[in-house]
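First the structure, then my questions, so here it is.
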Amino acid sequence: MRGNSFGKLFSITSFGESHGEAIGAIVDGVPAGLKFSFEDLSRELKRRAPGQQKGTTSRKESDTPEVLSGIFEGKTLGTPICVIVRNNGQQSADYKKLKVEHRPGHADRTTELKYGIRDHRGGGRSSGRETIARVIGGYFASLVLPQLKVIASISQMGKLSKSDLADQVICENYLETLKNDGDSVGGKISLSLDGTPVGLGEPAFDKLKADLAKALLSIGGCVSFSYGAGEGFFSKSGKEISEDSGHFGGIEGGISNGDNISLELGFKPVSTVGDKAKEGRHDPCILPRVIPVVESMVKLVIVDHFLRQNAYQLETKL
Amino acid sequence: MRGNSFGKLFSITSFGESHGEAIGAIVDGVPAGLKFSFEDLSRELKRRAPGQQKGTTSRKESDTPEVLSGIFEGKTLGTPICVIVRNNGQQSADYKKLKVEHRPGHADRTTELKYGIRDHRGGGRSSGRETIARVIGGYFASLVLPQLKVIASISQMGKLSKSDLADQVICENYLETLKNDGDSVGGKISLSLDGTPVGLGEPAFDKLKADLAKALLSIGGCVSFSYGAGEGFFSKSGKEISEDSGHFGGIEGGISNGDNISLELGFKPVSTVGDKAKEGRHDPCILPRVIPVVESMVKLVIVDHFLRQNAYQLETKL
Amino acid sequence: MRGNSFGKLFSITSFGESHGEAIGAIVDGVPAGLKFSFEDLSRELKRRAPGQQKGTTSRKESDTPEVLSGIFEGKTLGTPICVIVRNNGQQSADYKKLKVEHRPGHADRTTELKYGIRDHRGGGRSSGRETIARVIGGYFASLVLPQLKVIASISQMGKLSKSDLADQVICENYLETLKNDGDSVGGKISLSLDGTPVGLGEPAFDKLKADLAKALLSIGGCVSFSYGAGEGFFSKSGKEISEDSGHFGGIEGGISNGDNISLELGFKPVSTVGDKAKEGRHDPCILPRVIPVVESMVKLVIVDHFLRQNAYQLETKL
Amino acid sequence: MRGNSFGKLFSITSFGESHGEAIGAIVDGVPAGLKFSFEDLSRELKRRAPGQQKGTTSRKESDTPEVLSGIFEGKTLGTPICVIVRNNGQQSADYKKLKVEHRPGHADRTTELKYGIRDHRGGGRSSGRETIARVIGGYFASLVLPQLKVIASISQMGKLSKSDLADQVICENYLETLKNDGDSVGGKISLSLDGTPVGLGEPAFDKLKADLAKALLSIGGCVSFSYGAGEGFFSKSGKEISEDSGHFGGIEGGISNGDNISLELGFKPVSTVGDKAKEGRHDPCILPRVIPVVESMVKLVIVDHFLRQNAYQLETKL
């Protein structure tokens, strides 16, 4: 496969270009008999949709999901679930001017180098719209482990610190100024996981921290990952660290220990700047919209590892 | 599988506990006809072996590789290559005292929670000796892409900065003091990749940065990963970033662009501290020994993606 | 995953229940730049659709494909291709009477045992309609290796021999009588592959014959697989066999040798018999409609192995 | 990977050439805490070893297993189990004469075509010795599901029918005559599985019959696979079949129904004939030695599917 599937026992296969017919996901490995709510799925997708905040993109994306398979009489069948979202609101005409320009830090140039052809309609597979597939997957993951609470929050956005971020007026003015300047900023997201079952992660390559890192670095714009004490791990000695088990961020030896898991991610500024960025449809900062995507990727990892660990629990079966 | 294999077309399957008979790897997907050098493989393993530096562990580990398959008359056969390293020097008796104690931040406790049984001989699969398998894999990866140059170096070690690290006396005294105190430190490793082919990495989940993050976070003690401008991504705006393509660290849209790829990793202090750490066989800092492991994991990722990309190049075939 | 994906480098992921919204496939691993023809895809799907022959099901299934992703300006993008076929013609009301009855030899009972719930609308994932996904995959496989010619033909159908089968009147009368009797028959299909590249298949588990067997036995109703001389392998001695290389059916040591590959498959009678079978929508023999499915599965295997072999061809690359 | 691994949750990775240092397997996915018996493992390997019967190869292969990892104090650790068997008894000198000759129906020629190089020492990966890895895997599979009884028996050997086969004198004379003539024969093996858990197999590609077919066709020399009523499926009508559920061979809709599963396999005559075949070390018929290999492959499939099914059983966990 060409990297469009994620997960071993609970997996999503993502498809769709930003300006094609539809974006969607096949979610495979959802156990049978779980209760499905169209409203909950739609709400999750809405959290990711553009146009929710002043200063953010003015695109109208309704992002209404359509369930094609795997659900019957309000419950999961245990068969693959296909959900699509039509790209109705896309006007690829607007993107035609990109035909000759490559945005630095964006996939435009490398995609062309890779495939030998160019989809000049827009971001193609590398568009932010591909994250719809991830949010769909995250919703179904939450059905398997409802006790798992994953909360992401912005801890830094450009020059705004955590306290600035608490004030929505400061935030929105900052984003509006960036938008007017055709500029963009990156920042940091903190993640807190409660309710992770004990014993998830494998001792060698599939350590829980490794699979979380892969999941999160697979999000466009994500440039760094750390867990636990972060910088504290480098400034403190082993003796100091060992006094406070909280430093280990819920993962020891790559395996979950049942404690709260804490992660921090860094995101670079979005690539589209200058006059193009002023025209509309471009966010000066993706952090607000990336929140549900980040949470979804974490859920996919935890649920996949939960099923993997469950496979080897035989006591009650034999 | 239980996470003991890494890579899709160029893969290693790792096996062995630190105090079992042997540690080893099966390297699968090595093309046929590549020249094998026992000396080069041994040299790589020696770089990882303990006892190379003052202040580091006094364990005697000869780490002599034994090739069981896949090589014939000095060349690769295209069949799976099995290399083992016997655990001759291990005295598991010394580790018996760990039977009741769990080291914080170590896999001891979580491994027991996961499997329901305890291998009290030592680190088991979570031991640093498991990294032998990775160095074996890295050696064979370098046969496939000899033009790829991966260089890792320590950029911070506990309180020592980059300039301190250049002075070996300062370094060795620092490590010796830590050893005598039964203490340990973490630090940072910088990685530079030259010669990565263009177009590696997939647009969705298997972005090159994502697979590099997974590979490196799968190393025991690694707690953070970043690429490109690092902190610069958060302090600078999109306009500032776009002026210098070097910020993107050789990866755009998750796909290699042919530029030098730069990564930075953080490592936490080793878990064994106090009297146990003074007794011998424990390093106060794993950074020096982790260098070849880090380089090997990067090579495994690049070569695997190189073969994956090669699979779809059909022009010259049809 | 739960067995809804097939292939490693060229893969299809199948989804959809027979009486749900749609049946479809994601085809991943199609190289970029190949010319797509909507007409050719539709024609392949039509070969599989019901109602083509007297005595066969009277269901009206238009089976019009809808391409949701992966195609742009008439060419493949190298991104995952999603094609769906709506289940417009399905009247699940008719299937409600199945709610309490299980058909012997059909998935009804085992599916319920497996998932703990019942989709009483009809065949669900085990319906013949699931094969739409396979025909979609087969069409795209043929774009990668146009020189590969795969031809399946019925060599036995119930009591009809090969010579009877040549006479369409005999055939249609036979099927009509079975239909009126509410009875069904099985039979045999012969497959001939021309143009298979040399060197496909791996020496251990992924022998070409093994992957062909899996692909074909994954089709509902298929109960046997053989290649090469078939019964001749058991009645003749090694000396006799070695005199005629044609016996080996194009595969030696599990690897293709460039010769014509010959396979034979057996199919059991369809499970629905009696009054239910008379009511319409049920074929007395699935062989005529299974032909394009069988051909598609073979193409998927050959193209997947072709890309796998191509991955390791480095001469022209380095 | 290059097809040297088999199984998803319970997997074996096979390595070793017939005339290299060793043949072996890594068995991954064995749950922790299962009781290991060196004697039982050795006994299984002995069943496969040559020289057990008059008329069979006179090679002396001790085939003593050496366990390198995954076992501690007589129990499985849950970590990968590596077992090797040294190739002590091999005299590759004898095989040098094969350097220029290719045996028809053997991997000699296709392997050379595939890899571009030749291992003229003998069968290489395509040797019957590779099956040692499979028997090792089968032994560990039997620890997971001890209630599963898999019994293979020869139902036809060249011209000998089932009743002839019951008489060991007839058998041994027949094999001895073939050996003296430098000739070989194929035949058929019947398989009976008792104790397969209900609900194994997936509705689409990973039907139980499909994975069994792949497993068994991956054995060198196997040319056909059928399950259930076999030829009865083609001579009887659907009505006749539906009267006797035994026809379905324990699998309905690709999923196990708890009944006895019956399979039949065909094997071609071994490729080495003429003077070479008289020289020793070559069996005139591989059926007697293939019995434990066939049983092992079946166990691997059933146990893998058992763990896969177990992964999704959540009732008792949440």
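As written, the chains take the letters A, B, C and D, and residue 1 is the first residue of each chain.
The working rule: a contact is a pair of C-beta atoms (placed from the backbone, for glycine too) under 8 Å apart; a residue touches a chain by one contact, two chains touch by 3 or more.
Bear in mind the structure is a predicted one, so any value in this text is a computation, not a measurement.
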| item | value |
| --- | --- |
| Graph separation of chain A and chain D (steps between touching chains) | 1 |
| Most remote chain, CA-based centroid, reference being chain C | B |
| Selected pair, greater C-beta contact count between B-C and A-B | A-B |
| Distance between chain centroids, defined by C-alpha means - chain B, chain D (Å) | 37 |
| Distance from the mean Cα position of chain B to that of chain A, given in whole angstrom | 27 |
| Rounded Å distance between chain B and chain C, as computed from the means of their C-alpha atoms | 44 |
| Multi-partner residues of chain C (each touching 2 or more other chains) | 2, 4-5, 8-9, 14, 29, 32, 78-79, 114, 124-125, 203, 308, 312 |
| Chain D-touching residues of chain C, taken from the complex the two chains share | 2-6, 14, 103-111, 113-114, 124-126, 130, 156, 158, 178, 181-188, 198-199, 201-207, 209-218, 220, 222-230, 233-234, 236-239, 241-242, 245, 247-248, 251-258, 266-274, 277, 284, 308-309, 312 |
| Residues of chain C that touch chain B when the two form their complex | 8-9, 29, 31-32, 78-79, 144-145, 147, 203, 307-308, 310-314, 316-318 |
| Chain B to chain D touching residues, read off their complex | 1-2, 4-5, 7-9, 11, 13-17, 20-24, 26, 28-29, 32-33, 66-70, 72, 75, 77-82, 84, 114-117, 119, 121, 124-125 |
